[in-house]
Amino acid sequence: MSRTVRVALLATVAWLVVFLVVPLAGVIVGNVRGDDFSRVLSSPATWRVVWFSTWQSVLSVAATFAVAAPVTWLIGRHQFAGRRALRAVTTVGFLLPSVVVAAGFLAVLPRSLHYSVFAIVIAHAYFNLAVVVRVVGARLETLDRRLDEAARSLGASPVRTVTSVSWPLVRGSVASAAAVTFLYCFTSYAVVRVLGGPARNTMESDIALRAFGIGDVSAATVIALLQATIIVCIVALLRRAARSDATLLRTSARLAPLPRDARRLAVTVSIVTVAFVAAPLVAVFWRSVHVGDAVSLEAWRSVFNESLFDSVVASLRAALLTALLGTVLAGAAALGVVRLPRYGRTIDAITVLPLAISPVTLGLGLIVTFDESWYDWRAAWWFVAIAHTLAAFPLIARVLVPAWRAVPARLADAAAVLGAGELRRLVDVDLRLLRRAFAAGLGLAVAVSLGEFGAASLLSRRGAETMPVAVARLLERTGDLVRAQAFVLASLLVVLCVAALSVVETAVGRSRDAAHH
Amino acid sequence: MNTRRTIIAALVTALLLTACGGTKEPVTLTLLAHDSFTPSEGIFDQFTTETGIRVEVVRSGDAGTLVTKAVLSAGNPEADVLWGVDNTLLSRALEADVFLPYVSVHRADLDGDAVALAPDGEVTPVDSGDVCINYDKAWFAERSITPPLTLQALTSATYRNLLVVPNPVSSSPGLAFLLATIDETGDDWQRWWSSMRDNGVLVVESWSDAYYGHFTAASDGDRPIVVSYATSPPAEVIFADPRPSEAPTAVAALTCFRQYEFAGILRGTPHEDEARLLIDFLVSRRFQEDLPLTQFVWPINTKANVPREFTEFALRPDNPLTIAPATIAAKRAEWLDAFSNVMLR
Amino acid sequence: MLRITDLIVVRGAARVLDGVSLTVEKGERVSLHGPSGCGKSTLLHAVAGLIDVERGIIVMADRDITRVPAHLRGVGLVFQDDRLFPHFTVGDNVSYSLRVRGIDKKQRKSAADAWLERVGLAGFAGRQVDSLSGGESKRVALARALAAEPSVVLLDEPLTGLDDALHDTLLADLRELFVSTGTTVVHVTHDRAEGSRLCDRAVEFASLRAT
């Protein structure tokens, strides 16, 4: 193991230990006693929350597939003008902050549907649309249509072809998408809090309720542990589902053009999908320029003049720091994964760790651990960025690792022969070639940080309250100006996140084109 | 390569600049309060003139959230003085040693019952009020239904889907109301709430959401019964234009719970002396006389004058429901958890 | 047996097949030659029912199959690219047509084994598709199409890419098989020698169009 790799790995591991492992261990060890477990786990109310988390997730998965099916089929099977744009549009919902989406639906839905399960489910479908389109759509793209022809020439009716050829090849990706969607819906917090009202709680919002509302950290920890266990089981299932996918054909399939009679249907599907994605966003902007029923820029003016602007600054600061810190750490981890194929799998699993810990649990761990004198950094402006980095880190690593793996070793060898030392090779060859991947990682980190809600809501302090937390707080109050201000902040979040997203898209898109040459 | 270095340098510089923030002027005290803290504009000018200390008011959610944040940041506070801890939340704040004790110079003028709740001066009482069921008189008159007068009455089918309450976990009037039900119904209180659940009670996050978001007399909502203050009816009169001769809303006197609010110096503040001066100002006659018509609470300073229109329309129940602070201290978490089990999970 | 009359196939604005006619008697084996891109594959795909016909008639055994869906035509097509199903084993690929017909597992298995042996791949039934070499997958594709026992077999360059020895053996086996079963065959190939060895009659694609 070269020195650079060793240092890089050490830094990553140290970082994870200090800010992830220790807080979690601290929360568990310091706060939970045996009778807490029995007290919480024996209460039927606890299991009602688990049950609610579960059934609303299942409903949300069904809704997501219902909404996503037409557009996924369209994008996965056919080539047509505007296909890439349509696919990018479907991804918008996923990287938007959950609070913004919740606010958007609050603006779109009639009053009677505020604080309802319908609102929660449809907001979940909004986010996870992207998951289905990307995961199942990608798989559909690779399906060789000519296999369908072979089946038909062998006597299989169209229905039989789908059941015996198309479906088995897509099944794994559907299971994968369903599992990922389920996971996101299960740990949903902002959506449930804003659109479900106080009387509806998933496990995640229950943790916040107990820790932050009632002040019972021990019970909150028990719920957090229970949730983590459930998540681990789901993730294990996810991995099994993904593995059962049959290998892809060697030949690259080309997408068929749109058949003439399907053209009108395709246009309808596209329009409906775009309208669905756009509606909440348009509503957010619409509401931001209305105070009560009157059009007014008062809310915009007040945000820039008053203390609400602090939250904009706080979010941007946190996002920048998260981007830098997250990219450096994820880069170090990726370096380890790529250079040490033997430990690659373990390191890869470690990078996924923060994902399995829910954001609220993360925030809880951080608050409870860093409370003694010299290391009480909870008041520091950069502390919330720590939580964000932990959340963004796995996502960035997942972008960097495959890109890094694709860097041909022979280029570095060539550099070595020309006299470049190890560090020099790293900078001149690897990092140069990975410019696009790093750009994508930076963009992702910014988007994640801007939108993070769970941990930030626990860590928020005056001067460091991030925009999503401010939006949720303002939405919980009444008053026309206050509402409008919430939507102003939400609009700003949309703009910033879309900007970050487009950086990711162009970086990834360009590198994909480059790979094809 | 060079452009990349420049960009990174720019990013880091930007970070450092924002991190440093700005330099502070000569002592500005931060007064952290809940969203309902709405004194008259410029009320602190006299204080600034007299002492040279500026006061910055920061509103941050409902009292419950306020106290939680204070507890979580005890010793390392976000502000200098906290306004809005009430007798239902006091125990939590005192347990966590959030405050720096101080006995105000005006102590002798303050309501004895209130002072007795924090005899060592950890916090100083600033106002009092009663949290009661309010109802929309016109709504009930139009339908010829008798308005509810007791907590027990609310469980009857006549009042199905008519009540909206703020969440006791996060809202201090909500918590006061919960305590009222516990005092009134005794050990059976959870049964009362579960019948209310069946009777369609709506739980919302905050008092303002309940009152200005769902109460028929103050919004386009559809709930004519709300948990609010005994001083809400006068507010409805005084702020209406033209002024009605009668209040449009009324209070069910038998459902009231006495609430005292306190202010305290947050332990860890760098401006202890200045904070003491502010506390004194907050209980001085000048500030206290501003309270009734801006925040619709009763001043705690017995020497303060209360405007006539206030006393004309406001109800001061003689025997409100109460629970001893020590009991609240011991059982609050357990009660809130039980409430959550019945209503929120 | 197979009569194609004035077939017109259109793609976009262009006519890929412009009035093609061909008659093949029952049991006859015809090889079809022509330059690449002239439409030989398109003709086979149209006869198999995988491409829509703009105008013209296809009659098979006195039955007009022009508008009949592909899976009901009873025409076997061996594709130029193998198109083996990646999620089935070799054996399941071969017996697919029988599976569709509802034939039980045991019979399918013995049929698959028999056909695999015939193409020189005895014992390959349990193998995964992605473990096969180019020549092996070609042979599996052959076995799969033949296992359906269609009355008309269309071969689209079935033996390209095989080494000489295998090519010759397989060619001889196929000829023997077709002769013994009396199968009607249309064989598209650019190798005239191969065409004449397998088939009775050679036809130039250009000659199929009525002037």
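Note that the chains are named A, B and C in the order they appear, and that numbering of residues resets to 1 at the start of each chain.
Assume a residue touches a chain if its C-beta (ideal position, glycine included) is under 8 Å from a C-beta of that chain, and two chains touch if they have at least 3 such contacts.
Source: prediction; values computed, not measured.
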item	value
Chain-level touch network, classified as line, ring, star, complete or other	line
Centre-most chain, if every chain is reduced to its averaged C-alpha atoms	A
Between chain C and chain B, distance of the C-alpha-averaged centres to the nearest whole Å	84
CA centroid of chain A to CA centroid of chain C, Å	49
Chain centre separation in whole Å, for chain B relative to chain A (CA means)	37
Sites on chain A touched by chain C in the complex	144, 146-147, 149-158, 160-161, 164-165, 168-169, 246-251
Contacting residues of chain B [partner chain A, same complex]	11-12, 14-15, 18-19, 30, 32, 35, 58, 60-61, 64-65, 68-69, 71-73, 76, 78-79, 92, 167, 169-170, 202-206, 208-209, 211-213, 219, 333, 336-337, 340-345
Partner chain A, residues of chain C touching it in the complex	45, 48-50, 69-72, 74-77, 79, 81, 83, 85-87, 96-97, 99-101, 130, 144-145, 148
Residues of chain A defined as touching chain B within the complex	43-46, 48-49, 52, 115, 197-201, 206, 209-210, 212-216, 219, 307, 313, 316-317, 320-321, 324, 367, 376, 378-379, 381-382, 461-463, 473, 476-479
